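Chain nomenclature is as follows: A, B, C, D and E, assigned in order of appearance, with residue numbering initiated at 1 for each chain independently.
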Amino acid sequence: MTSIKPLRDLGLSTGKKARLHRILYQHGLRNGTALFLPYDQGLEHGPRDFFANPAAGDPNYIVKLALEGGFNGIAIQIGLAEKFYWEYAGEVPLILKLNGKTDIPSDDAALSPLNATVEEAVRLGADAVGYTLYVGTPAQEHDFAQYLAVRRDAQRLGMPLVVWAYPRGAAIEAKGGKDSFYAVDYAARTASELGADVVKVNFPHPEKRTGVKAPYEGEFSSQSAIDAVVRSANRSLVLISGGGRAGDDAMVEKARQSMEAGATGLIFGRNVWQREHDESLRFVARLRDILAKYPSH
Amino acid sequence: MTSIKPLRDLGLSTGKKARLHRILYQHGLRNGTALFLPYDQGLEHGPRDFFANPAAGDPNYIVKLALEGGFNGIAIQIGLAEKFYWEYAGEVPLILKLNGKTDIPSDDAALSPLNATVEEAVRLGADAVGYTLYVGTPAQEHDFAQYLAVRRDAQRLGMPLVVWAYPRGAAIEAKGGKDSFYAVDYAARTASELGADVVKVNFPHPEKRTGVKAPYEGEFSSQSAIDAVVRSANRSLVLISGGGRAGDDAMVEKARQSMEAGATGLIFGRNVWQREHDESLRFVARLRDILAKYPSH
Amino acid sequence: MTSIKPLRDLGLSTGKKARLHRILYQHGLRNGTALFLPYDQGLEHGPRDFFANPAAGDPNYIVKLALEGGFNGIAIQIGLAEKFYWEYAGEVPLILKLNGKTDIPSDDAALSPLNATVEEAVRLGADAVGYTLYVGTPAQEHDFAQYLAVRRDAQRLGMPLVVWAYPRGAAIEAKGGKDSFYAVDYAARTASELGADVVKVNFPHPEKRTGVKAPYEGEFSSQSAIDAVVRSANRSLVLISGGGRAGDDAMVEKARQSMEAGATGLIFGRNVWQREHDESLRFVARLRDILAKYPSH
Amino acid sequence: MTSIKPLRDLGLSTGKKARLHRILYQHGLRNGTALFLPYDQGLEHGPRDFFANPAAGDPNYIVKLALEGGFNGIAIQIGLAEKFYWEYAGEVPLILKLNGKTDIPSDDAALSPLNATVEEAVRLGADAVGYTLYVGTPAQEHDFAQYLAVRRDAQRLGMPLVVWAYPRGAAIEAKGGKDSFYAVDYAARTASELGADVVKVNFPHPEKRTGVKAPYEGEFSSQSAIDAVVRSANRSLVLISGGGRAGDDAMVEKARQSMEAGATGLIFGRNVWQREHDESLRFVARLRDILAKYPSH
Amino acid sequence: MTSIKPLRDLGLSTGKKARLHRILYQHGLRNGTALFLPYDQGLEHGPRDFFANPAAGDPNYIVKLALEGGFNGIAIQIGLAEKFYWEYAGEVPLILKLNGKTDIPSDDAALSPLNATVEEAVRLGADAVGYTLYVGTPAQEHDFAQYLAVRRDAQRLGMPLVVWAYPRGAAIEAKGGKDSFYAVDYAARTASELGADVVKVNFPHPEKRTGVKAPYEGEFSSQSAIDAVVRSANRSLVLISGGGRAGDDAMVEKARQSMEAGATGLIFGRNVWQREHDESLRFVARLRDILAKYPSH
């Protein structure tokens, strides 16, 4: 078991440390772990994601769920933050997702455009901002340029920067795909080299080996793969993304392996709210049981 | 029957609330519903739209029609606002349409460029601004970037932002087309996620199913489709666009279903002014009869 | 007993509400009351204030005392915030005091110059900023101008603004003095009229009547005076300042009357730390007992 | 013996720490102590200060003396830095003195105007900037305002800020004078509250008691006075100024007491260069012998 | 043997000279030569480069290695600088690498986007900045434009600019490849013409002649090729890049020839840290033995 990286050892500025401390020690289990509720699928995939549980289409339902479930934060776009967060302001941390796009046009040269600024996150009392970096697309240079401005604003204003580090594009598809150990490991490292305070990655699949670079062609257990990914992120905290809905036991086991590897926590959306309310909370309780076993003080 | 969303529950800033209150409670039926007259077709389609009723080519005729018809506002481009609104300033609310384009070049990667600014809307005494967002085109990232600046100005200046949420582009055509339930629903949600105060959509066509995402492949009544669209817009008020000229009874029935779904009102142009003056007013009277049945206090 | 003003009824923006919620409900007694530790006397009076308890000259001792005493926040100047807050970032809220001065030159036309900005408060993760407004001095116009810029930055960035509303100058001395009911009442109202989110005032002395305006010449109990002051502040929360060291019982009774009047809390410095460590905590415990009786939910 | 404050415990940003490390550990005795050569007397007092040793009027002579004497840095105005530092760039650290004035007009409301910027210090490869803050003058509010801009630039660019904390003005003269324990102690604290990384003060004279605040009226040894001043500076490093030429033994004893109190070092100008070259170096050797006894690691 | 170019003859501004002096004479062998440790491979190639020695994936291990090995500097991206350099600030010079990219998408029109600014390098106390210029790609015009802004900032702030002068793209592949004498020589000259203070090149391969321009078709010894390259760089200092892991003896011989040609030093990454810790230091010792033979005073 690798221990979670303690805040004081991460080279954080005062403001970033203050805000991450609030997220990690004044919400959720208050033990340095984190469970986040991402809710930008209405933009990223459209309302189709809410058909499984129509109540989840209402942002108010989701913010309340975040409170009831004891989440450490909710990640939403500016429109929902402007119209729904006031009522709960300060009760659950806000991670303002700064960029986002629809999935209608082709993803070949994916770039997620900015929809809000770090200063707006400050204005709304957010405790972190989120940025989706598509690692490996042909649009990489535009993405890095857009990201640079966000990172500098976040540095200037002491705002923790959570990077959704997502491998994408044709070259990634040809080299193992976006969930391969190679791709996820590279994405985690890229976010770290570029100054992410927190990196959100998908769980790596070491069995996806077609086209990956030589060192990744070997046999790796999923535990050794996630261990490596967390190490690649070095002083960036790691969050494991739930991704699309999957079996609960498998998700819980992924969560356990992630925490064992030294991840700080989980960011689970559809697996949480694509089911009936009380069932959501029961699943959340299972995730919290895992997190409770990995305190960081 | 879903009730119209009351202003006080929408997370609006003081200035936005003041201006929307003027539009919804001091004009038209003064009951919280809205009937808008859009008049940017001269730019969007060219003067061909005025051949059915040449008098309608004169902006002065249209502004007077808006007054006579008891509209809650008129949506026009900067040029007409500069030259025609002075005379009626304050008598009928002005929605300054900020972007717009001709329909001469291809629509494949449609982007509607800015022709005016939020600050100009303030200068002219406008009570809202309008922005056309083409959801799903390959130009999406440029559109979002342009929109971001508009939204921030509107936020800073307390100006309500009405988003013309229009699905467009090759990918949309391949996934059910721009009027499909899938496309309209996604567009409404996108505008809401990106901070629209009011969303203008076309009436959804659930029968357009070719290529749509799985959840939209089922059978949906038009009522259940428009219900879903209004829900997807959550705290953004919804306006239903009339679109091209169609049969009056069909239009009135669409209007009724929209209001039943919780829409705030209608934005009807060609269906209103592509006919002789008194006929226009008779059709407007039928629309007002509908709106009168859905007061919001 | 007047109840404390609840946050949701104060016309606060999202960010200000989020930050005040953190201060009032996630620290201290978590019941909507507040106990703040001000520590800018090293600048305002010089190190002489630390001779009574030399340990108090060390800012680290004071921040720890704030944690041990369960304070809702600590108010310090930028120099101490830069060098001492990192270690405790997020554990106790920071109120960055933006202006301040030495007491060496004459106070006749007192103006407290800016030493830091609202943006720096954001950078350091502060939850509020403090500004000393000298009400009634000949320098009033410069003070108001300087304050205007601070207030606008605070508004833009969603940062609660705490105004030290201090009557000062020759004219005040001629009209009852800086602690008269007349002067304190006027100062509270001035801060409220100028947009303070929280007003810090000294406890009013209705018996100081020489030279005050006619309505203040009558007999007022201290309870009725503090009642009036809190009413004058209307939707600005009120904090009562401890001022110089005085008898404990008298201070506790002032605290009780203030809370009874609807004040949100207390801001006591020298009365707390100008004594030995454990004695400080015992006095704080008495203050907390008072606050516990006036919860706001 | 109080130990020198180690860099890692001072709440410094990366750039400030890097530059102070260079000054304290890569120059001079390389043991964490510092000996600086100030050379702005040509501006502050005029060439009269060079009559004792005309060679010292040549800045080139002085920079070479700083190298020969193993100084940790030289503090000069922009004009001399521009014209004389290139030749020795990097060999001895440059402290660019940002403000300065002649002593021709009255000092009653002294304010030292800016002659250069922090960015110019960066351009010249300086490792620190110096600012004279006149504590207690009627011009205090203008001084603080000017200082604020300098401090923010220094913070933004990671440049250590050395504050010449000098009590001045009529009120100071009436309260013990500029060298009184009261005045020096207050000045050290003021610089610390306002964010100085290093404070330069004169050695305090506890025997100057006429008009000082009560706590300073007692009997204090010079050691206890300098101890208190270093404590008042808390996490700002302290440099003791040599001031005008005085007896060598007295100066060396002051130096010893200062280091004993926890000061980081000395900044001696006239006492060094107002004598013949080799004599200067012999005096410097005595100072270095003191510093060698107070290493900080 | 050509002698190393002395700093005073290079037309450097004061700040650039100060910083290069620190790098060349206050670190490493302190004799005017340089050995740099580049560590941006985690971004440029991904974590696969760390599989040979997993410890090397930890930036902290690398910075310590730079200290133990007596390197003159470490070249890293902003993310690692922000989170790992504070601890060692000032102990080993920082070269902040300003641009960088992943190697996932095609290199045909390679452009390395900016991830940080010169001002950030100043803020972090860096002594130089690094920029990768891809000489000869179709994206050359964007690269030059981006470089222009960096060079101007470096000029304004007195920051030495190290250019990674790398021939790249289809045209280069058709004209001898990126390591040909022709390509390396042209790249060195390009960097010099565009204002590099230091040029980093790969060792030229005169035997790669297919497609090169006529003058490079002759027989050249590797010594005469590197001699020419250093001459092409004229007053830009030259660093020879180690590139991928190769045989130690070959590397050492390359190093010797480079220094013989008048290069200032070496920048070796994978050849250093892709092996066990003590082995790394033994290899570094061999490189230092070479550098010791080429002092520049």
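Basically, a contact is a pair of C-beta atoms (placed from the backbone, for glycine too) under 8 Å apart; a residue touches a chain by one contact, two chains touch by 3 or more.
Predicted, not measured: the structure shown is a model, and the values here were computed from it.
Colleague: In degrees and to the nearest 5, what turn takes the CA positions of chain A onto those of chain E?
Modeller: Result for this pair is 70 degrees.
Colleague: Compute per-chain Cα centres, compare each with the mean of all protein Cα atoms, and return the closest chain.
Modeller: A
Colleague: So which chain is the furthest away from chain B, centre to centre on CA atoms?
Modeller: D
Colleague: How big is the gap, in whole Å, between where the Cα atoms of chain A centre and where those of chain B centre?
Modeller: From the centre of chain A to the centre of chain B is 35 Å.
Colleague: Averaged over CA atoms, how far is the centre of chain C from the centre of chain E? Could you give it in whole Å?
Modeller: The separation of the two C-alpha centroids amounts to 56 Å.
Colleague: Please tell me the distance, in whole Å, between the geometric centres of chain D and chain E computed from their C-alpha atoms.
Modeller: 40
Colleague: When you check chain A against every other chain, which residues touch at least two of them?
Modeller: Correct list: 13, 82, 85-86.
Colleague: In the complex of these two chains, what residues of chain E are touching chain A?
Modeller: Residues 40, 42-43, 46-48, 51, 54, 57-60, 77-80, 82-87, 100-102, 104-106, 111-117, 120 of chain E touch chain A in their complex.
Colleague: Could you list, by residue number, the parts of chain E that touch chain D in their complex?
Modeller: Residue positions touching the partner: 13-22, 25-26, 81-82, 85-86, 89-91, 94, 119, 122-125, 156-158.
Colleague: Which residues of chain B touch chain A in their complex?
Modeller: 10-12, 135-138, 140-142, 144-145, 147-148, 151-152, 155, 167, 169, 171-172, 175, 182, 185-186, 188-196, 213-216, 228, 231-232, 234-236
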